[in-house]
Amino acid sequence: MNFSYYPGCTLKTKAKELDMYARKSAEALGVTMEELENWQCCGAVYPMAEDEIATKLSAVRALAAAKEKKQDLLTLCSACHHVLKRVNDDMKNNEYIRTRANNYLKLDEAYEGETNVVHYLEMLRDTVGFDNLKKAVVNPLKGRKIGAFYGCLLLRPSGVMAFDNAENPTIIEDFIKAIGATPVVFPCRNECCGGYIAMDDKAAAQKQVERIMDSAVEHGAEELITACPLCMYNLDANATCHKLPVRYFTELLAEALGVK
Amino acid sequence: MQRIGVFVCWCGSNIAATVDVAAVAEAMKNEPGVVYTTDYQYMCSEGGQSRIKQAIKDYNLTGIVVCSCSPRMHEATFRKTAVAAGLNPYMVEIANIREHCSWIHKDKEEATEKAVILARTAVAKLMLNAPLTSGTSPVIKRALVIGGGIAGIQTALDIADAGYEVDIVEKRPTIGGRMAQLDKTFPTLDCAACILTPKMVDAASNEKITLYTYSEVESVKGFVGNFSAKIRKKARFVDATKCTGCAVCTEKCPSRKAKNEFNMGLNNRGAIYIPFAQAIPNVATIDPEYCIHAKTGKCGICQKNCSAGAIDFDQKDEIIEREYGAIVMATGFQPIKLDNFEEFGYAQYPDVVTSLEFERLMNAAGPTKGTLLRPSDLSHPKTLVFVQCVGSRCSADAKDGKPYCSKICCMYTAKHAMLVREKYPDTDVHVFYIDVRTPGKNFDEFQRRAVEQYGVDYIKGMVGKVTKKGDKLMVQGSDLLNNEQITIAADMVILATAIEPDPSAKQIASLLTASIDTNNWMTEAHAKLRPVESPTAGVFLSGVCQGPKDVPETVAQASAAASKVIGLLSKDHMVTNPCVAQSNELLCNGCTTCEKVCPYGAIEYKDKPIVGPGVPRGTIRRVAEVNPAICQGCGACTVACPSGAMDLKGFTNRQIMAEVDAICK
Amino acid sequence: MQVNEKKGEFKPTIVAFCCNWCSYAGADLAGTSRLSYPANVKIIRVPCSCRVNPMFILRAFQRGADGVILCGCHPGDCHYSTGNYYARRRMTMLFSMLDYLGIDRKRTRVEWVSAAEGTKFAAVMNDFAQTITELGENVKLGDLRCKE
Amino acid sequence: MQRVAEMMLERAKALLADGTVNRVVGWEMGEFFYDLTPAVFTADGLDKFVYNGFSGANLSKYMIKECAKDGKALVFLKPCDTYSFNQLINEHRVDREKVYIIGVECRGMIDIRKIRDMGIKGVTAIREEGEELIIDTIYGEKKCARKDALLEKCLCCKGQEFVVYDELLTTGEAFTVGGNNRFAKVAELEAMTPGERFAFWRNELSKCIRCNACRNVCPACSCLQCVFDNPKSGIASKANADDFEENMFHIIRAFHVAGRCTDCGECSRVCPQGIPLHLLNRKFIKDVNEFYGEFQAGADNTTKYPLTNFTKEDVEPSIVTNRGGEN
Amino acid sequence: MHDTNKDMAEQVIRMSGVNPRKCMKCGKCSGTCPAYDEMEYHPHQFVAMVEKGRIEELMASKSLYKCLSCFACVERCPRNVEPAKLVEAVRLLVIRQQGKNYLKAEDLPALLDEKIPQQALVSAMRKYSK
């Protein structure tokens, strides 16, 4: 199975592990990730205003490039996934944005949202299948109590993201089970970590992180996993009293598959 | 040749101020077929009508055109006038020169010119009118009530009281419906069972009423006064005539996995069960889904323990065919699924319950025997949070939920809050509300009592998220009046869940060709003036199937529906609308296209001997035949028919084209 | 077509088919509310929008109508439950065909008007009459062999 | 072709001999060699039976009459004809039990008008040699590519599938017919201005002499009495009276067959004035496909035809009024 | 309503694509908002104030920069009002003005620590400056 792959800026620098382990694991699972040539930064936030066209163009370019290769577009970073998925939805359903974006880009063939944007976790669930993943695990992470931290960007707004039940998601818990560990469900797993304001208002970010950590600890988690470099940074840098180790889910995946 | 009289009404100054009525009358004199014209101040008045009658006699009129207000106003009046003068009522046409002319135009010349054209159009149509006679069809003096909740029971009791036979078909093993699950009823706090069960007994013992429980309507054919229905009586695997309702079997049954529907799945029941102690009929039913004997052929413990020998594993479904004059929908409601409202944690935390589940938790016959214990650990909850409008009042583009107000939640939430505070004064009760809607007799007073006497804390705002911390449910919401976000550490959360029509309603509606709205509520024939009739003649609406209602409203509507049914059944014959489709057998080629578009199934294809010019003697052809008692006269078939064989009486192709010609002249 | 000689302006002939249950009642309400629309709109009452045969519309054009409009209950609200759904398909097909034959597609219209929408009825008729007036006299699908 | 024709004759004789059928519906030579006409044969008349490149006539509609007679009739149907027959079954116009259908292979039928239009006059015989036609004329032998002389309907062939039959006669040889986009001309007209379209149709329909050949040949026009022949219908019209009558006739006819027309192309084939009547039907077919999803009349016996069906989400008629492009 | 405010309200409505009239004033957005306590004007007030045309007050408020863009209000709104879009539209109204960037490039070095990921910078610049 071949995917076009959009790594995004942070995966080339601060979140190299997220990327590296994802590639190794994919290889072990027989999935080929073909990194798009000449991808540009997605912008890290989805511009919500109707008249923000230019800020959506780099996402459209990536989407159109995947369309040209007739492949689904695989993402890993939650922020990139969020931006690409929502821009894609605009290109499919918002005529105003579609027309203008196409006017800017002057592609050979107008882009109208044809590409499927697939997150790595969705790929594991829907393409590989958690059952098959389980069979591929050589080093089950037995006994580890792992809390899945979803954050906001993968889940909301659920109408567009269609990732999982936004209020009671199970995909990462199923993933944790597949790699042989014990998932710890904690209520704040889909709360916002405050990552977007971490630079501007550290205190507010700390408050968010505290709440999340408290909830995770209380429900018995011994470590957390995430798909988002921003959550990773924030959970790590702004945790105050409780501090659980936070890892990228791909690191654990690689560990379980014996490719770390 | 027609002899037509044209009567132009002034309607006081309503018409005469803008239309030169005399000029209209004068202009009509020259129209072909017109032999008499006049104008008068109020044609609909006694005086006006007697002028019309006189003219019909004096001039031997074969038809009349009245230029007046909308036919929706006085067509019936003038038809009666015509009949009184010996004319066929369908030899009357109305030219609407008030609503469609004088009231919308200011220029008198222009309005007069238009009135002349409208009058001429009516004359042109009338030239092609033919006398029509209403048909009659016999009325079968028996009613079918679908649904055995309080609505169905009340309707059936009232119909039976008037002396007519009624059958109740209920898909569950007992009648009683949702009301049987309720603990107390607002605003009087009567015990629901105490007021419902006597009615259930009445229904069972009334010799005019036949109960078909654990039964479903499979098909309905026919038309008003003359329906025939097939009812599937599902196998209970228990001989109802032998079962004494002793309930020994239900206790001995080793299969305990089935969710107890009556208790909203809060506990389990046996594979053989009686839904509740006062069930009617008080007969056990085996759920083949869970019955070990049904699955494996082994077990049979119920059979061994039944002293009456009532268990019959070989029982088969039974099909009953019956004829009815009227059908009443009383299919009720269910709470919506909360899968898309997981911010409230319903699927994650057992102590988050729906209001209907809460009814069972408060009920003496419920899973906790009436002691309020929270489901997770059966401890006594101290802090309870009620959340109103869960899934109600959601916009169509929201991710889920219903656009309407479920109507009953404000009141039952006040009731629950009050009952909890009364029974357990040590509790804190909070209610998150958007608006409190309490129109109804003694309703607002009731809600005020909850606040003022029982100290229920009403918070204007909505809950955003429920999380769990320790053994508490952290309910985070807004308090809009204090402009703050609050978090309440609660022991239980009760969601006032939106209600929706029972899923069977949609399918039954299509069996009956009765219409439903976008939310699957049954549509009324007229939202204001015919609220208990469906647009399909002979089908009536009782209770919540038409829209959210509380018990007194349901009962009122149930009785209203019953009175409509009684009115229908009291007739020996139905007079049918004569403006129905008619197939010309000489032209019909039997292609069945018309049959495909008829919404009523009024068209049947039959082999018929065809007699006519140029048709060889003894010719038999398969042709369309319209049943005038079923046809409602929409005309869909007339356009589907390429041969022009199908036409609509009163609105024939030629009549409408004559109108077109008159307008475009 | 009628030419108002006083003013010399073009007064198109417009035929409006209205279903008895919704649109005709909507037209009545427009009248009751004294909402004006041009006098050259003439209404023909039919039981349901599905009673309108394409033949009637062609007949109107044949006899010199400049515009034809069909009004029925909103989809889902048909008195006969499904009539307007059939009408919708039939009219979509017919209008497309008339357009194909060179009859301006603005000369035909379907509007859903409920019994409560008197205002909408008047607005629709005003708009339609204005459109037709702007379009001017209709083409005659005449025969080249016949006299013009 | 010759081989198929021999097989057909052989089967016809056999079925008559064993009493399966008592008559055969096929084609016989008319006044000219290219002028084949449908005919009913009994055992002793079979020598006149012909099947060649001029057997374009669709025999389905003849079966309406045959079904009213006693006994079973054999009919030969080309692939596209079977759609018409199937549609007639759907409309209860034929009795499947009274017809024995042999599906016959067809490689496209020849349009004599196209040969004449090439300037080839005085044609006395035509034979096929591979993809070429050898045409004997009183002026000597001429040649043309077979595909250039095919009927319009064959250029847009529906394919070689038979949707209803009792047995098939095919050679098993590979060949291709058709391949043209049947909606190309419709799209071309749609792209014109209303004025141009109006002029086009006025010109075409003004040629109509109301011979009714189109209606008489059309398998979907199976009314006992046409509304245009019925004085009581209010729209009866026989001759080109003043204006619009022919237009009305053709538009209403197209509407009456809309959703039921299989696009068999017989109307245009038989029109003595060469009016492209199929362009009316194809407009309806194209619209149906675009508005309500692909539909082929006669393809099966279960699908409701588009005008007797609806969905709550159907497009609004305003889709026509609001259509982009010049107006 | 003051005219400038009215124009600005219309602009906010146009930019955001949000119709504040859809709001039924249940307050679920504010019940849900994780940044509620940091805000002077809360999500439900954003909706109500845009509806009433009180844009200048919103523009002057620090609340604009407290929204976490977590979309919880969008996700849970029973009327699909999408308050987050209003916050963003008003913020854009501010930062699109010359010299009104909330976060300036020269402020960045002081805020950096070595672990901070790019996307934190990119997103901050995207959200708070133009």
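Just so it is clear, A, B, C, D and E label the chains in written order, and each chain counts residues from 1 on its own.
Methods note: contacts are C-beta pairs under 8 Å (C-beta built on N, C-alpha and C of every residue); 3 or more make two chains touch, one makes a residue touch a chain.
What you see is a predicted model, and the numbers here were worked out from it, not measured in a lab.
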| item | value |
| --- | --- |
| Chain grouping by contact, computed as though subunit E were missing | one piece |
| Set of chains whose contacts include both subunit D and subunit C | B |
| Chain of greatest Cα-centre distance to subunit E | D |
| Chain closest to the assembly centre - both centres taken as Cα means | B |
| Distance between the centres, which are taken as Cα means, of subunit B and subunit A, whole angstrom | 49 |
| Approximate Å spacing (C-alpha centroids) for the pair subunit A, subunit C | 55 |
| Residues of subunit D engaged with two or more neighbouring chains | 227, 235, 307-309 |
| Per-residue overlap in subunit A, given as positions that touch at least 2 other chains | 158, 166-167 |
| Sequence positions of subunit E contacting 2 or more other chains | 72, 75 |
| Touching pairs among all chains present in the structure | A-B, A-E, B-C, B-D, B-E, C-D |
| Footprint of subunit D on subunit B - complex, ascending | 586-593, 596-597, 605, 622, 640, 642-644, 653-654, 657-658 |
| Residue ranges of subunit C touching subunit B (in the complex, touch as defined) | 13, 15, 20, 24-25, 27-28, 30-32, 34-37, 39-40, 42-48, 50-56, 59-60, 63-65, 76, 78-83, 86, 90, 122 |
| Residues of subunit E that touch subunit B when the two form their complex | 22, 24-33, 36-37, 42, 44, 72, 75-80 |
| Complex contacts: residues of subunit E adjacent to subunit A | 14-17, 34-35, 38, 65-66, 68-72, 74-75, 82, 84-85, 88-89, 92, 103, 111, 113, 115-124, 126-128 |
| Residues of subunit A that touch subunit B when the two form their complex | 158-159, 165-168, 185, 187-188, 215, 218 |
